[in-house]
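Listed below are the structures to be examined.
Across the two complexes that follow, chain A remains constant while its partner is chain B and subsequently chain C.
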Partner chain A sequence: MSHFFEVGPFDPVLPGPMKIRMNLKGDVIDSAEVNLGFLFKGLEKEAEKRKWKTVTPIISRLDPEESVYSELLFSLCVEQIAEFNVSDRATYVRLILCELNRISSHLKFLAIISRFSGCATSSYYFLREREFMLDLFELISGARFCYNYIVPGGLRYDVTEGFLERLSEGLEKVATKLPEYHNVLLNNIIFKKRLSQIGRISKEQAIYFGISGVNARASGVFTDERYGFYKNEYEKAGFESLVRNESEGADAYSRTYLRLKEIEQSVKLINQFVKFVGQGDFRDAKSTNIEIIPAGESFIKIESSRGTLSCHLVSNGNKKAQRVKIQTPSNPVMNYLPIYLKENEVEDLPLLLSSLDLSINEVDK
Partner chain B sequence: MSPSSQFVKMLILSIVFFVPLFYLVSFLKSKVSADLQARVGPNRTRLAGFFQSIYDFIKLNEKEISLVSKINQILFLVMFALIFSVIPLVQFKFNVLFPVLILFLISFVSFLIGLKQKDAYLHQFALGYALQSAIGLLPILIVLLSVMLTSGTLSVDEIVKTQGIFFWDWHFLSNVFLFFGGVIFFVSGLVFLHLPPFNGLFSYDYFRQGLEGRFSGYYYSILKLRTEALQLFWIIFCVSLFWGAGNYSFDQATTQIGVLYFLTISIKSILIFFILNWFEKMTPKLKTIQISSFVLKVLLPMSFVTLIGVTLCL
Partner chain C sequence: MSNFSFFDKVEESLKGLLLDKQPFGKTKQLIYWIKSKDISEVSQILHDQEDLKISKLEDISCFISDESLVLSYFFLSSHYHKQIIIRFAIAFKNENEVVSVASVTKHWPSAYLVEKENAEMFGVEFTSPNREMKIGFTEPLFVEKVSAYFYMRSHKGDAQS
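On to the complex of A and B.
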């Protein structure tokens, strides 16, 4: 018995406003079609219309949950063209915020996937720790989302007094809770049964579709932009990318497991970065009042919590950018989604989608 | 005393026993769940949120109802009547198959509610519901056969009287297989009635929030009432059959022995209710097909082992 089934554009199981049309054969998805564009913001064009110093608040709306990465990416592109000098203090604070955002994002991912697997209690535990991460962002930038804190040339303000102490306190709290997360969710036999063998992504498929981040690393693809622009800083902190090598490709459980491991890794990295913060300027004096950026072109890639985030920026020496083009990690996954969903059970749809950690905000930019 | 006045007395006693116990258990459940989940829980209404359930009921009944055209009101009325029909059953003056029949009807009406919705998705899940209920009923009937062989009767009242409050007076001491039979009976009942944690279709967190998510207002409150009331009733029923409700009679309710009876059954039921609630909150949910597979691979063979064991021990 085959029938047509549609989810969206607004549905609690979806990662954002989108529509999935499916042909079902009994319980199994025979074919799927993904429709996007319900959240289109015209963000790139809006960034091209604004003056250089007013672009950051717009760019931070790329994905409000992960605005640190988009702000950093744009700032790095501008800095490369304008040749601003960013102090070590500003660099390490930026990296601390990146890893903090990674922990926050992965905790949210775990909260969502545990909710969809029917385990409401553990989702509250993950959100409880995530609240502390958001409090830290509020302390340093004044906002819980869309921080507008990382700007071309450094940071908008210096680090708030007491931030680093509270950061250590928060990280200790997360580190002590990690075994609890394993016990309550990942070691749970029912959770394993629900997530194992569903949503498999093979290594070949991940490479062919350009999937990046944890989704690719779980399938055994070595792709991590933390070895890119900030390679020296990460290697100084003893960073080693986590890659799972599974012959049959990664299932939803492997991706969840790797994200929890990344939280553990980020805690260690932040503890190292804190040691390197030191004293110094938080912003290059030349960058405080940017009017015109020299003509030039830059292309930067960084590792956001979802994967490779890249930006191509072109300046023709005017008050505004000539071209801003951003490639987000969720875009390639969207192309892969119809193949990914095929031959899985429709009952698993919430888990299948949430295990990819998609962001429609990023896609409909 | 005439049979009609006897029935009215029993009905009043059942309501006096069941309704306050139900309300107390719902309140404690919400507080304990909140504590487990590191959140505050109900605290706005008086007495630490004691009146929250009443407030929720009033609020739900004032809400605007969506999808009115697709709702079959008669089925909901039947469901509501059936939920209340389980209340007199706590006096246990019936054949053991009678409560099972009522629960089967409730299950069947739930299936029809899903089937009546003009939605391919819900049709599919209603069929899944029917499958789960049918499979869940098999171990129940096999264990009931074991109970009949041990007690020599199917009257709940007499089965209750054959065992005392304490575990050394229970069936399992004379026949250890029956203790495991009780566990199988209890779990199979949860599967049969789609009660948490085996509530594939009726779970709130399930795909598109299940059937409950489809309805609003008092339709939602009826479905919610169904889940909560049946869960408590099933626990009381299992305690009576297997885990010693006390060899007293319900019609002695006004005497001191009756009070002891209420206390015994309430304490045991609340204890089991919280163990079940803890399990429900702390573990993820299985799919309908996984639950059915669990019944066929584990519960059904174990129920046959119980039957054979009980027969051999006679």
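On to the complex of A and C.
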């Protein structure tokens, strides 16, 4: 017997305001339809209406959880058109913040998925460490979300005194907790049985739908924009992208495993980047009072914690941008969602959705 | 494959469909200009051409320039780490004119949501999309459907202020 079931637009199961309409055959999802648009912010248009130097606070609202990436992306686009010189100091501080944001985002992911899988205690462990990451962001930028710290030409202000010392302390704390995370979550038999064999994404599907980030790398697709714009810096720090090679595609457990491994990797990368932060200007003097950007366009891609984040920026030489077009990593996953949910059991819906680490903030930009 | 031969191969594949090519911003990338009616054919060629190993349509960006709507398609060959930018412009005469462009979701399903965004923001109608895709915007992004002409006028007003 088939029946109709609808979730949303506001439900704790969902990653944000959205609606999923499902036709069920018993407990199995026969077909699904996704509806979006409940959180539309008009962010691109708002960025186009503002003067160049006031765009960063708007852009950082793309996804408040991952403000570093959106700020960096827009700054890189402007820098390419205006030919600003970013010092090594500013570059490495930016990369430290990127990796710090990756740790914070993955910790939040682990907290959510452990709660949905019934391992409520471990979710508090992840949130505890994430708090320390947010404290570090507060120390450097004054805000725990939407930092408004990375600006075209470098950083808004220099690194706060004592930040690098606190950073090392925090990373050590996370590094010592990693074996504990493995024990309480990944080696937990309940968690393993609950997540294995559900939400499988094959390599072919990941490529066909243009999925990026951990969701694609867990399925064996080599896609990592850390080999793109900041290739030299990452290679200098000994970076190697983590790609799982599973013949049958990746399930929810594989994606969780890879995110935990990425936390480990990010800790190592930050420790390397800290060594390269030398003395120097934190911002290009030319960029401090931007009024007009020369006519031109740029397309930049970076690797956010969810995948490839790109921006196409067009300037016609005015005080405002002609076009700011952002493509987020959650968009292609949304296209895939109706197919992904098909033939899964409806009771697994919270785990299926949370294992993809979706952000509706990004999609309804 | 070197940078030179890759783009040679692209030009050979799209022979007869290319109008012009120009550098993209301050990068070494090239923009290939085509006619708007050819986008479906171009997307199919890029999808089927195995030598180029194009894996992804990264983005579709739309903007207004000189009373015409400019659409840019960013394709990625992840094997060669190269990007192919296909671009065309559509001139429109009046505010009631609906600009129609063929959808590329048949070959590149990742374009589905992006096409929908562009449709609602610029009033572009993407014809014959992939019927397997089941995603929609429940609420209209703008209160009323915005034509490209209307958007251009309001946008120009903002730029001058």
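Criterion: the second predicted complex is superposed on the first by the 365 of 365 C-alpha atoms of A that agree within 3 Å, B and C clash if a C-alpha of one lies under 4 Å from a C-alpha of the other, contacts with A are read in each partner's own complex, and residues count from 1 in each chain.
Please note the rule applied: a contact is a pair of C-beta atoms (placed from the backbone, for glycine too) under 8 Å apart; a residue touches a chain by one contact, two chains touch by 3 or more.
The model shown is predicted, which means the values in this text are computed figures rather than measured ones.
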Checklist entry - Can A:157 be said to touch chain B (first), chain C (second), both, or neither? => result neither
Checklist entry - What's your read, chain B or chain C touching more residues of chain A? => result C
Checklist entry - So, does A:32 touch the first partner chain B, the second partner chain C, both, or neither? => result second
Checklist entry - What is the contact status of A:194 with respect to chain B (first) and chain C (second): first, second, both, or neither? => result first
Item to check | Partner chain in contact with A:10 - chain B first, chain C second, else both or neither | outcome: neither
Checklist outcome for this item: Seen from chain B, its contact residues with chain A in the complex are 36-39, 120-121, 124, 197, 203, 205-209, 281-290
Next on the checklist: Give the list of chain A residues in touch with chain B in this complex.
Outcome noted: 3-5, 7, 11-13, 27, 114-122, 124-125, 128, 184, 188, 190-191, 193-194, 345-350
Checklist entry - Can you list the chain C residues touching chain A in their complex? => result 24-27, 29, 55-59, 61-65, 72, 74, 78, 83, 85, 108-110, 112-114, 121, 132-141, 155, 158-159
Next on the checklist: For the complex, give me every residue of chain A touching chain C.
Outcome noted: 9, 19, 31-38, 40, 42, 44-45, 48-49, 80-81, 83, 207-210, 222-223, 296-299, 301, 308, 310, 312, 314, 316, 318-320, 322-323, 325, 327, 331-332, 334-339, 363
